[in-house]
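You will see subunit A twice below: alongside subunit B first, and alongside subunit C after that.
Showing the complex of A and B:
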């Protein structure tokens, strides 16, 4: 895919929602954004983070799909569910460690970010990355990121016992050593 | 830059996951010729299987069964029923005394889905409770319901004061 890679830097997100609107304009899913801008802790902070599909190497959403509706293509892009197959069971919505897939009840189908496959497969950048004013979403050559940013990219995440490797990179502070999320910490039972 | 190390290990995948893969690259391309070969071989296997079943049924029919004593005369009252197995232990049959001197016997397995049929004395017929298939108690013919074939009748013979089962009369024998 033209040697470019997708880098998401939550610390750069200013919450402008340009990405959501740019995504929603796409005619393959008109009016429905496949990218979500999430508040990190709304009560404590105004910080936001954009959430695109991380395109796991071994996608949990596709693994749990009982209808074989979620496919990963040769370039490692995990695509939105196939309409004739998706049974709207929401297994993927519950299983995805990043919370990316959304079940659209009106369509009875799960739809998710496919990294603008129509654009990236033709050498163009995803729509969200083209509009992001702070380049929290950057679709660039890895060398550019290495030379221009202080933060370091990672694509290995740990959720409890599950290790997830992704196609999309997340920018971490230079001193961070991988992103380890113990899921139990975020369950209300643990508090 | 921290990066993942190539492919995740696929050796420990279950068989179903290998066959129904979510990866496009693992989906096998089926050529026209390959599909044609599949059709021909499957049809040939079906044909061979049918020939084998046919031969087996011929052999089965040819095998003669010795007369098996099943009941003494007067052992069951008029309108009563006795179960027995004929010709093998897994083929339950019903002996019915319809009149003083009128004994008939049928296989007990309904020809629809092999439920056990029961004799209805009031209506003088064999009734399958599963899907309400009724059979004539005279010939075994289907009176109503889903059964596709008549009940197989057991040929009986009276020797002195004992009844013997001689053979199974299927549809083709009558």
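Showing the complex of A and C:
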């Protein structure tokens, strides 16, 4: 599926966990989702956000791997650890700036999103981005995002001194600001 | 007597709900082998009816694949759609008819089960009259089956009492639309939503109950549109609302009348449209005169400036859409609430154009198609009135009976249960309906079912209602039969038989035809396949409002659905109604209908000062007969919780995760608190998908709208208190993660994605 790119827009997420459920259907990690949805703070807000592997250009997880078990393919997709190499040390789990890799004890290896290699290599879109009802996860032509979305994509993230460039884009609101979210603040009798 | 033959725990141990987590053969088993075929069909759950492909291997559904070509959802699915395939090959599945026995239920032959059913119906009718037997249908049945349920009741059984569980869903909107427009259907296709400049969502938890619609609304906002949301709770769709109206439960009509007041006060109405295409405007204008913003704010809890802003945005937009669902419809004034939406749309001319209209969001799978062709107590096929002599004559001709043989209008769903309770109705034949969970005042329902002299249930799992049955007839899942449904947007679509029913389970139309034959009407129920029923249904609907005459299975497959009305095979179908301001009344004009706001059926008081409102969560569907058996969906939201604002929680010393007693004039229920700022402090919310002590419908009341007969699920008067301890059903481990207790106050940790 050349020409298509992966975009994450947390502000679209409705927390339905369709992505988690669909990810678990993957042929390579059946029954175990590699994507997760978080409530930002359910007590305060309905806001939720999905987290997929961002597929860094220079992946921190691979840099810190003592067993050289994490590889990128030619398209820049960072893959699940190589089973014969992975020593299950969890360095990658601790080092990933986005909190993506999972150490799955049952599998005795680190597993993570490989952008549905089984699907994308066969001309299909990744499962999560195909089913996502809000299209908070979208696998589409960047021109479509540019022409149809209000928000703007970025793939550069700064963590202190570390700058990370990623294959996956994150949508950012052009005019984001903080907001109080409490029904009371909208009610007439509360004024 | 129809008391369950065993205790609920004993029945659960045998018939579930048990949880299925893996496809047949397991994740690592044979389901990994190449599949035999992919079947393009639709989701079995809500009214969105998303396109989906089912993976079939050795006549078992083993997984799914998105269907990206189907235009409505383009591959998108909610978690229910993703996991629905886990209901196939489920260990709880009924594989043969069951008969009540001294020690529970025993499997029986079809001949034994059907002859008993026919004999008992005849005996009870001979002793107590034709109308002593009632029929319940359901909105998850295909349109062919829904049509046959109506014909079964009126021709073979000969009772006037048939109604269906859509009575709990769409009837307020349907009644209002018929009054105002002369037709019961959402006027706009969903593709209109992104074209609107303003979308106003009224009492619709779109993110959880119509998840695919979310993307349509986000696309509208991306194109510069504004989103208004009116709801006592901030549901997920609210996170990007440009204007949020925290309406007090039960005051929707007042809010809408306040908005219309502003429109008329400021001269924002569309005079040309009103004059050319409507009647009755003056009475409606007079009815809103007293609803100035200050008074409306006092009634609704929505600030005056927000009312003004919403009214102006809606009226001044070139194209505006108002979408509504059960939040405004589940009221004893549900029809009035919908009429108030319609009045606003008509007065502003926001209807009958691309991107302009008022749209009901049908909730149940075949909620639209299931109510069009004859299982509604007052309708004949084609959305025809059962009291219209011409309609009776037409349908009688198609059925091969005399018009006078067709009974008149019968009781609605709640009224049927009340007639059972008082002993007027003695026997019930029910398909695809779980009233013990879904009807209000569940204890009343339980008592009523226990009084039945005979109760036959058609279902594929032993629902809690089927516990009361004398005979359980093992039916088919949606993917085990062919037929059509009609989606929320009026699109008639084709359900494919992906696999045959397992064991000796039967397709419902075969069960209906068998029963009709045993009641002496074999020649009128001699279909060989669903297609035969559909062709008869097309004739029965011909010339009616919901005219299917030009729709064929082949056309649906070719065109990816056909929108009714479609009177001939050369007619393109009608995606958008009312274009050019032409409505379905004989004079072509829409009707303004004045609304009188009035109190609900269970008013708050000093003793019961809190509004209890109910609804759904994204991972469960209706009474949970299917979704409470699918492990990943249960894990996502295992138990009912009480959503409560920190201010109300603090008054009662309730912390997040505490067990809370919620008490109404009927009963008390104990569930864990979820303390959230996303609900009004005078309101608590509990979802309704569970049975027994976990059923919030033990707390709701039986007041119904006088016209639509919908129950008032959305407002019950309640009080809350910290519970002394966990209820008997509480699992040993807490089912939910405890969140930190939230201090009251503004501004802390603002985490909303909403932007201004």
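Please note the rule applied: the second predicted complex is superposed on the first by the 171 of 191 C-alpha atoms of A that agree within 3 Å, B and C clash if a C-alpha of one lies under 4 Å from a C-alpha of the other, contacts with A are read in each partner's own complex, and residues count from 1 in each chain.
Here, a contact is a pair of C-beta atoms (placed from the backbone, for glycine too) under 8 Å apart; a residue touches a chain by one contact, two chains touch by 3 or more.
Keep in mind it's a predicted model, so treat the numbers as computed, not measured.
In the superposition on chain A, the chain among subunit B and subunit C reaching more residues of subunit A is C. Of the two partner chains placed by the overlay, neither subunit B nor subunit C lies in contact with A:82.
Legend: residue contacts after superposition of the two complexes on their common chain; A:125 is shown touching subunit C, with no touch to subunit B. By the touch criterion defined above, A:11 lies against subunit C but remains apart from subunit B after alignment on the C-alpha atoms of chain A. In the superposition on chain A, contact of A:21 is made with subunit C only, not with subunit B.
Of the two partner chains, subunit B is the only one that A:146 touches; subunit C does not reach it.
The contact surfaces that subunit B and subunit C form on subunit A in the two complexes overlap at residues 178.
The touching residues of subunit B, when paired with subunit A in their complex, are 1-5, 7-8, 17, 20, 22-25.
Residues of subunit A that touch subunit B in their complex: 57-59, 62-63, 65, 68, 70-74, 142, 146, 152-156, 165-166, 169, 178.
Contacts from subunit C toward subunit A in the complex involve residues 21-22, 27-28, 32, 63-64, 66, 68, 73, 75-79, 81-83, 207-208, 211-212, 214-215, 218-219, 221-224, 232-240, 244-246, 297-298, 300-304, 306, 618-619, 632-633, 636, 645-647, 656, 674-681, 739-740, 742, 746-756. If you check the complex, the residues on subunit A that touch subunit C are 10-18, 20-22, 24-25, 27, 30-31, 40-48, 125, 127, 130-135, 148-151, 173, 175-189, 191.
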